[in-house]
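Next come the structures, one after another.
In the two complexes that follow, chain A is the common piece, with chain B as its partner first and chain C second.
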Partner chain A sequence: MSLALIELRRRPGRFAAMLAALGFLVVLLLLLGGLLDGLYRGSTGALRAQDADLLVLASQSRDSLLRSVVGPADRRRVAAVPGVRTVRGLGVALVGVTVPGRDEVADGAVLGYEGGVRGVPLPPRPGEAWVDRRLRADGVREGRRLLLGRGRVPVRVRGFVDDTSYLLQGGIWVRLGTWRRVLRQNRPDAALGPRTVQGLAVRVEPGVDPGRVAAAIRRAAGGRLEALTVAAAVDALPGVQAQNSTFRGIISVTLGIAGLVVGLFFALVTLERTVLYGVLKALGASSAQLAVGVATQAVAATLVAFLAGGLVSLGLVALTPADIPVELRADRAVVTFGGLVVAALVGSALSLRRVVRIEPASVIGGA
Partner chain B sequence: MASLELIDVRKTYGSGHTEVVALDHATLTVGDDEIVALVGPSGSGKTTLLSIAGGLLSPTSGQVRVGGEDITRYTNRQRTRFRRRRVGFVFQQVNLVPFLTARENLLVMPRIAGRRDRAVLERADRLLAELGLTEQAHQLPATLSGGERQRVAIGRALMNEPALILVDEPTSALDTRLGEQVMQLIVDEVTSRHTAAVIVTHDPRMARFAHRRVEIVDGHLHAPAPA
Partner chain C sequence: MYLALREIRRSRGRFALGVGAVGLLVFLILFQQTLLTNLLGFFTGGLANQSGDVVVYAADARRTLAGSVVPAETVDAVAAVPGVARAGPLHEATFTVRPAGGRDLLDGVLFGYRLGGPGHPTTLREGRLPRRDGEGVASAVDADAGFGLGEVVTVEPAPGAEPVRIRIVGLGDDLRFSVQPTVFVSTATFAAARRATNPAAAGAPVLPSAVVVETAAAADPAVVARRVTARVAGVEALTRDEAVASAPGVAATRQSFGVILGLAFVVVGLVVGFFLVILTVQKAGALALLRAVGAPAGLLVRSLLTQAFVLAAAGAGIGVVLLTAAAARSSPAFPISVDGPAVAATCAVLVALALAASAVSVRRVLRIDPLQAALGPSVGGLA
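== the complex of A and B ==
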């Protein structure tokens, strides 16, 4: 074990202040990341699950599936565009969901589809639905009947699916006919014809550039349709980009503060260790060896703080009410740890100059 | 062969009007099993001489050879490697690593050199036994007495089997009785290993433990006087 790690193990009290500050920042970072992931995934799951290269919407909808209407004639035009392999209709209706026996009305997104959604089986029979697991918190159970909207359209829960929410409302996946019925009985003003949908999920032929197909679709529809990649459609969802950039900004600043905490701590510690470093240099230790020791301590302290902060975060998330969309994910934890390690290394590097400048001769003659 | 040869060594700090001569044309030879006491008042150049002999500083002019190795024009990196291999230091304030046990403090030297083999562990244990520290091997410096800490520091200086041991004011923080014990221990350990040593002291009573006494005043070495 290196001197740096021995010191960390034998003198934990010396590092307590930094570990506490770093641990707090870890909790903050994990909760911020968890909220970002929860909000993003809860808002975008239904679109991210589309097994499609392009999402085709009405141009006037300004890239919103909710505002879009695509008629059967335009669907035929899209299907006829060279390079298009499959076209599947898609529609959505945001409704209140009544779970019999429950007083509270849950929020749901009724999604009409024709297949081609990752993680969601083929459309169920009329009057049935695959329901996002998110709605379990509202008392939804397999085999139970739900009443959709003020029109109280009944559907039976066929089973659960994951990560398919839309605008933070649990996805309720039904065949297009059931979705049109929900729309007609809840929003008569927005009722659509029997073959009209809100969007088209388009797969292109293998090896064909989706960008070229998108341009061809726009031309074929005379400008009435817009074709977006699924990623662009996700970004176009209300608030998603603003949400992402806001949270990422806060997370970046917090990482910067973590680096500053480590930097200030080791700057102080290096001042305290001037004699010790001088002695070690006099004994033949190089500045590089001492700098590696400082960096090792910074990374080890970060690991300890991360583990402690991670445990606290898990506890806090377990206590968080279900309506707060926070998700602690392994990939986010790995990225957060990586960011903290980089911040700690940069912070500890601030002491490097001071370590290099310590003269070994200073310990001779009364040091 | 001489363990230490300083030939016409000069060390100055600053330049022009602000130039300070710390060591002025100093010439000194220490035999390979000789113990020399370097005696002089504060500011006389003792520290500078010790630092140059130990490869902590480079001379402004002159030549420095340790164990036959000319270190005069060594770069910082070369001097670092040289100190690791050829010199043992005993510092005035002992300066043990406070969070390491007595045994681990001895093992600092091979650890710095990247050696972790069984031979260095055995050498550390042997030195601890010779210094009467076997019982204290796993104690931290804070729990050792002043004399025990000095003995650990001596053991650390001997760990890398140095050609030259440099001892800086070893008794300045000790009472006379303990100071004499420490000096005797240094002399015994150094003599038994046929290693050379330069011991800096301002206390003439301690200088008598050395084989030879050299005085330094204002950077000038005076002709050796009988110890």
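== the complex of A and C ==
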């Protein structure tokens, strides 16, 4: 074991301040990342699950599924565009969901569909719904009857599906007819005609460029329709882009702060160890060996802080109320750890110049 | 004190770095605080600055205007509750609108209220309230974006439907809602916009999102709200302040910024603390010598605290200067303002935090043994 690790093991108290500060930052980073993932996945699941190349919306809606209206004539025009393989109608209504035996109303997104949704079976019979597992926290159980919105449209829960929420409201997947009934009975001014939908999920023929088909759809509809990729539709959801950029900015700044903490700590440690480093150099240790020792301690301390911070984060998430969308994910943890290691290495590198400049003779002579 | 200030003067570069780092952090904190205040105002301004003391939602709306629909007869039921002076419908929805001057389409919120009734904007700065259909009051912050006095904003219709035009006759402060440009119009104008965007529902009634209540002069809005909830079926009434605090995004934004600001405060403490510890370690020999020639520990501690104070105060000064510069350069669409009392309070907290963060260095100074002056490294610190 190297000198650096032996010191870390024999004198952990020396590193306690930095470990505490880094551990605190790890908790913050994991919770911020968890919040970002929870918000993103909870807002976008219903769109990400679309097994489609394009989502077609009314141009006037500015890429908002909620405000879009696509009539049967436009649907026929889209279906007739060369390169279009399948066209499936889609609609959404945000409602309060009354769960029998519960006082609190749950947030639900009633999604009318015609199939083509990954992880969601084909549309159930009228009056039935596949329900996102997120709503289990509100007391929803298989076989139970839910009442949708103020109009109290009843649906029976056929089963559960995963990761299909929309704007942080649990997805309730129903036939288009059931969805239209929910609209009509809850918002009469938002009711739509019998074959009208809000959006069209379009699959293109194999080998055909979706971009070309999108342009053809716009032309065919005389500019009344906008065709965008599912990824673009996800980005167009209210707040998604702003949310992502804000959180990523905060996470980057936090990583920078972690680097600053490590840098300040090792600047201090290097000052304290100047004489020791001088002695080691006098005994033949090279500057590179000492630098590797500093970097090793920085990485080892980061690992310890990450493990401790990770455990604390898991505990905090377990205590978090169900309505706060925090989701700790392994891929996020790996990226966070990688970022922390880089920040720690950069921070510890700030002391290397001083380590390299130590002159054994002058240090020992002054001791 | 003399010693502390002389050292700062002699080590200008070192202290400039420390003050610069603290200054940037203070700016970050002040900027984020201003951002938070602005964002919350943009989230809820339209609701916070309308005349209703009480907002009555549908019980299943989870306290959001967007999710709330109340039957038309609820307005009369609410009006009959003791303590209610006037009650009226309030409509709210997001539309695709084209600002004046042929600018690009954007999302805009319409608030519909009964002209002359409750729900009108209360922060009119220029112009007047709408007197007829087709007129509206916009947020002054959007005046240069095609929502200026006398300009006409158009609600983009569904294909084949007629557009709805709204002439801006008044501008008010802090009237945005959901961070979108917002226009207060009559209920008829709102209904026309609804029908223009969904002609399929042309014959259907356009129901209010909520009922707004102006309470009688002597009545407590909180009491009236509780009474409305108890006496009118299927509703939940909140005071205006409660409604604002419950609006979507407000709590999440507060929590998120709370975490960020808390982190920034901690980092200020860490940076000041580390900086002072490094300084103390560097001049350990000199401090030991001072102790050896009779300088009391209290003198050295006061000197250290003076330097911590100067570091934090100068950093705060830089932060305020940067914030003032940012305020001067901010866009009218997202103005950054300097709130004197709030800035002073934050700076005071930061200075106190810096003094507290110097505790580790104070401990080191108090533990200095004068004997080190004779046995330790050469005077002036580490070689």
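Quick notes
The rule is short, and it goes like this: the second predicted complex is superposed on the first by the 363 of 367 C-alpha atoms of A that agree within 3 Å, B and C clash if a C-alpha of one lies under 4 Å from a C-alpha of the other, contacts with A are read in each partner's own complex, and residues count from 1 in each chain.
In this section, contacts are C-beta pairs under 8 Å (C-beta built on N, C-alpha and C of every residue); 3 or more make two chains touch, one makes a residue touch a chain.
Source: prediction; values computed, not measured.
Applying the stated contact rule after C-alpha superposition, one finds that A:160 touches neither chain B nor chain C.
Applying the stated contact rule after C-alpha superposition, one finds that A:21 touches chain C and leaves chain B untouched. When the shared chain is aligned, chain B comes close enough to touch A:284, but chain C does not. Applying the stated contact rule after C-alpha superposition, one finds that A:361 touches chain B and leaves chain C untouched.
Touching more residues of chain A than its counterpart among chain B and chain C is C.
Residue contacts after overlaying the shared chain place A:275 against chain B and chain C alike. By the document's definition of touching, of the two partners only chain C reaches A:196; chain B does not. Of the two partner chains placed around the shared chain by superposition, chain B is the only one that A:11 touches, whereas chain C remains out of contact.
In the superposition on the C-alpha atoms of chain A, the part of chain A touched by chain B in one complex and by chain C in the other spans residues 275, 363, 365-367.
On chain A, the positions that touch chain B within their shared complex are 3, 6-7, 10-11, 275-276, 279-286, 289, 359-361, 363-367. On chain C, the positions that touch chain A within their shared complex are 58-62, 66-67, 69, 94-96, 105-107, 156-159, 191, 194-195, 197-198, 200-201, 204-207, 234, 249, 256, 259-260, 263, 266-267, 270-271, 274-275, 277-278, 281-282, 377-378, 382-383.
Against chain C, in their complex, chain A makes its touches with residues 21, 24, 28, 31-32, 35, 58, 60-62, 64, 67, 69, 94-96, 98, 105, 107, 149-150, 186-193, 196, 224, 239, 246, 250, 254, 257, 260-261, 264-265, 267-268, 271-272, 274-275, 362-363, 365-367. On the side of chain B, the complex with chain A involves touching residues 46-47, 50-51, 54, 56-57, 77, 80-81, 83-85, 89, 91-93, 95, 97-100, 104, 108-109, 111-113, 156, 160, 168-169.
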